[in-house]
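There are two complexes below, and they share subunit A, which is joined by subunit B in the first and by subunit C in the second.
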Partner chain A sequence: MKKTACLLLAAMFLFLFFGCGKGGADSADATASDAPLTARDIADRIFAGVKFDDTLTAAPESSAMSVYRLTGYTGDCAYFVSTMATPEEIAVFKTDENHDVAKLKDAAQNRIELQIDNYSSYAPKEVPKLENAVIYTGEDVVVVCVSADNKTADSLIKGLF
Partner chain B sequence: MDDRNSVKNNIAAAIAFCIFLAVVPLFLIFLPDKDFSGAEKRVLSQRPELSLGSALDGSFESDVEKYIQDQIPLRNAFVGIGSYFDRLIGKNGADGIISGKDGYLFNTPVVFNKDSLDINLSLLNNFSDNVKTDNYIMIVPSAGYMLEDKLPAVHETYRDKEILDYISDSVLGKYAFVDITDALSRSSETNQIFYRTDHHWTSAGAYAAYREFAGHAGYDALSEDMFVKEYIDGFHGTTYSKSALWFKKPDRMELWTYPESDITVKITDIGSEKTTTSDSLFFKDGLEKYDMYPVYLDGNHSLTEITNDSVKDGTLLIIKDSYANTLATLLADSFHRVLMVDLRYYRTESVSGLIEEYGVDKLLVLYGIDNIINDTNLIWLK
Partner chain C sequence: MKKMYVLKNFIVSLVFVAVVMTPLFIIMPHAERSYSVKASSSREALESLENESISLIEESLSEAEIVYNDESVTDPVVYIEITTTTKLRKRTTTTEKKDAVTSEAPSETTTKTATETSSEPTTEKTYENPFKIKIPKITIPNLTITKAPKNQKYSPDDPLKDTSCFDNSAFIGNSQAQALMSYGLIPNADFFTKIGLSVEQALYPKTSAENVLANLNGKHYDKIFFVFGENELGWPYPDTFVKYYGKILDKAHEKVPSADLYIVSIFPVADSVSKKNTNGVTNENVRLFNQKLKELADSRKGVYFLNVYEALADENGALPEDIAADGIHFGIKYCRMWVNYMIDHVK
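The block that comes next holds the complex of A and B.
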């Protein structure tokens, strides 16, 4: 009985280690470099590593501020938008003196809720992408990703930080 | 004896409950999953995949909960019962839909987000400086504002007048504001101007706006008796789906055709190779689907071009949301060409370039009152 319990405990510890190992190559890349990733770096990595049904294109930072209703925002941001009729997008916002993580997260959640409301009317089949959208909050960054594979996006984004 | 009956009843109730607990999972396991609810017009959650990661982080458990909620047998009935019960206990409007008189289902009043509206009006005003067209803006008020007599006695206040006045003042000098509230109000005395089970205006409501716009844009509006009307029954729209009040009677749609028009419709979706052409303004294939509203010009697309060879001149470009789909079927009878651009789908191309390419002389911005405040796609207007 005691031997069995010890074996089970050992197996549990192994599983815990596997969980900490998530993120693979991306995680290793992030830790290998000392320089913090820029918003554009983060967006590029998400774009390269996640599946999108739509064609995404980089949009001006001013578009991101307008879409996310971030008046007076001066931080580092990157924004990729879909060119067709889907809600897919990548938005990365680093904090500035007027916009902390909480404010940026609120803006992201408002954006997703509004999109759900809009797409419920005219393209309801796109709504699940929004309902499972990734909104990641880090120490000084908020990342939004709406894609065809939000689970992979979630893992990838977490692996970057 | 009474004790024995009581014990028997308790046992029977327990057995019935256990059977219920056993049978429902069997239905979930053996019945095929539904992927879409036509009544609610939304995608339903599918059977989640179990993985170590999803089990450890809790997402599997929440996905299972969503799956059961969406796939449980008789889901529509349960949702409907819940919705009717909510109204019975006074929660009319809690889900965003107010159940009114005569079968009307109204969206709750739009929140007057001034910051958001200012951004959109600024984008529109800046755009007007870049084009040499006669510019108009028409905002469709909400059904709840226009049909106050159909609302229940207790309801939130509709601030449409305040919002419309604010818009009118903000675009002064850039766009001629086409106020359609009086025209809609007059029409409502004898016509149904909004659907009961959908947030859109009816053909009669759009016609009132068509006549009002004629006075601004300078075309001769066709009289109502010049149109041939086709009636389509069985329309349940957006407010019906959102409310889950399944016993509400469906609406009747009307397709108004002017026989003298010689129409060609060309529909383009940016990013797609596909172009659709038709010699009719009405796409009746859409009547077989869960959403019948796209019968008007096949719904929303990047660019819709309507050419009428029986009208010699006049090119109108409409920057729009879905309200324009009905109105454009009337405007097409008074202009040689009507172009509709939906910025939700027309993001990478230049609208000013389109204006120049087609020699557009009149520009109409047409949105419902909620979208002019909340739409975030006007940033693509260039």
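The block that comes next holds the complex of A and C.
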């Protein structure tokens, strides 16, 4: 009985120890993540953590504004573009004074619809990636991801916020 | 009696063999003939062979490997091996020979070369080798092959050159032009592009997205670049593609009379893609279509042909295998090569 009690106490102690350690690590992460992620930070993490069939390249913000038809946009954005063999891409837009989340989300949805139209005849097997594209709307950010594994992309993006 | 029987069979066999072998003797002398040809390329050598009234059908070329000694570029020996399944075609009428399919910088390969294509009907007889006997190699002595040097001028690691020559310019075209826009390599030009856009869609648009030429209305560009062809390689009539392309150029000139118009060549594809021959996407077709596009150029009318193909193709006339995931759409490094080539060749 005594032995059992000692063992149980030791096990509890160990659990508490590792729990604190994990909490400590979380604390360290929490400190680092207090600083808001930039659009490029978000895009980089998606790029690193999600599977893509195509080769993605970081493109200028002007390209993102052009393809998403965001005239006068001045917010922080990041854009990773494919070779056009597939519709895969990553786009992150933070709100600015002229573009709130609703407007950015509309732009994202229009972009996806246009791409579905383009690829329906051009490369039909790519259309499912677009139909399951991730469009995440946060407090001040819209994230778009079209990839070979949109489920993972969805989890990863949600985990960032 | 028995002897008579044996003798009779022997004679019958002799006759049979004589009858059967005679056609072979007709064919074989042609196959065994050695041609003395001086040529600067194996393609030219084949054209010379045609003058001898024997030509190798393209199908047979795929089985007959033209090889040359890589170690001795100055004095190589070329063999054309006729295999057991090779067909020999003998021309019985003279036909007008179309231009051979060539690129600006013909490169020698160890695989088949394209034969001429002719729209003129020819009367020809095809002799198959029915005896499954391997015919000895045809040697072409004294043949000088000039191996095309590997394109050293453009490298994917070269930095981007000064793009100011694209000021007040526009690009019109398909997904490859769209990739160029997306990479931001020419931020000072306007792009009017659509994924999958063909010359037919541009000429006869059914949607506003296809109506790319309308973007030229009221504009005064100095240069307009056209990027078409990848989506049309499977068209059965290349001349139709060229006709539509010509009409697009005419329309562009109507809208922007002062602009110089640049026809960007169709790009090479990876050899693995070319061999699959899906929807006509082969490097042979690329070169054929480019040859026809080149004929559209007329500097007097301000229409120029930019043979970007020669900057991107390797020594085998193909896109390197590791450049594009689908063997067709290359990434930013090769786009940079494309842009650098254009910078060196536009006015």
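Quick note on the criterion: the second predicted complex is superposed on the first by the 128 of 161 C-alpha atoms of A that agree within 3 Å, B and C clash if a C-alpha of one lies under 4 Å from a C-alpha of the other, contacts with A are read in each partner's own complex, and residues count from 1 in each chain.
Convention: contacts are C-beta pairs under 8 Å (C-beta built on N, C-alpha and C of every residue); 3 or more make two chains touch, one makes a residue touch a chain.
Please read all numbers here as calculations on a predicted model, not as lab measurements.
Q: Overlay done on subunit A, so just call it for subunit B and subunit C: clash or fit.
A: clash
Q: In the overlay, answer first, second, both or neither for which of subunit B and subunit C A:42 touches.
A: Neither partner.
Q: Quick one: name whichever of subunit B and subunit C touches more residues of subunit A.
A: Counting residues of subunit A touched by each partner, the higher count goes to B.
Q: Could you say whether A:53 touches subunit B, subunit C, both of them, or neither, answering first, second, both or neither?
A: Second partner only.
Q: State whether A:122 touches subunit B only (first), subunit C only (second), both chains, or neither.
A: After superposition on chain A, A:122 lies in contact with both partners, subunit B and subunit C.
Q: So, does A:71 touch the first partner subunit B, the second partner subunit C, both, or neither?
A: first
Q: Among the options 167-175, 185-193 or 239-247, identify the stretch of subunit B whose C-alpha atoms clash with subunit C after superposing on A.
A: Answer for the clashing stretch of subunit B: 167-175.
Q: Where on subunit A do the contacts from subunit B and from subunit C line up?
A: The answer is residues 54-55, 57, 62-63, 66-67, 81, 83-85, 114, 117-118, 121-122 of subunit A.
Q: Provide the residue numbers of subunit A that touch subunit C in the complex, in ascending order.
A: Those residues of subunit A that touch subunit C are 53-55, 57, 59-60, 62-63, 66-67, 81, 83-86, 114-115, 117-119, 121-122.
Q: Could you please specify the touching residues of subunit C with respect to subunit A in the complex?
A: 175-176, 178-179, 181-184, 187, 191, 194-196, 209, 231, 324-326, 328-332
Q: If you look only at subunit B, which of its residues touch subunit A in the complex?
A: Touching subunit A: residues 36, 41-43, 45, 52-53, 56, 115-116, 119, 123, 238, 242, 269-272, 299-300, 302, 322, 344-345, 347-348, 374-376, 379 of subunit B.
Q: Touching residues of subunit A toward subunit B in the complex: what are they?
A: 15, 18-19, 22, 54-55, 57, 62-63, 66-67, 69, 71, 81-85, 111, 114, 117-118, 120-122, 124-125, 127-128
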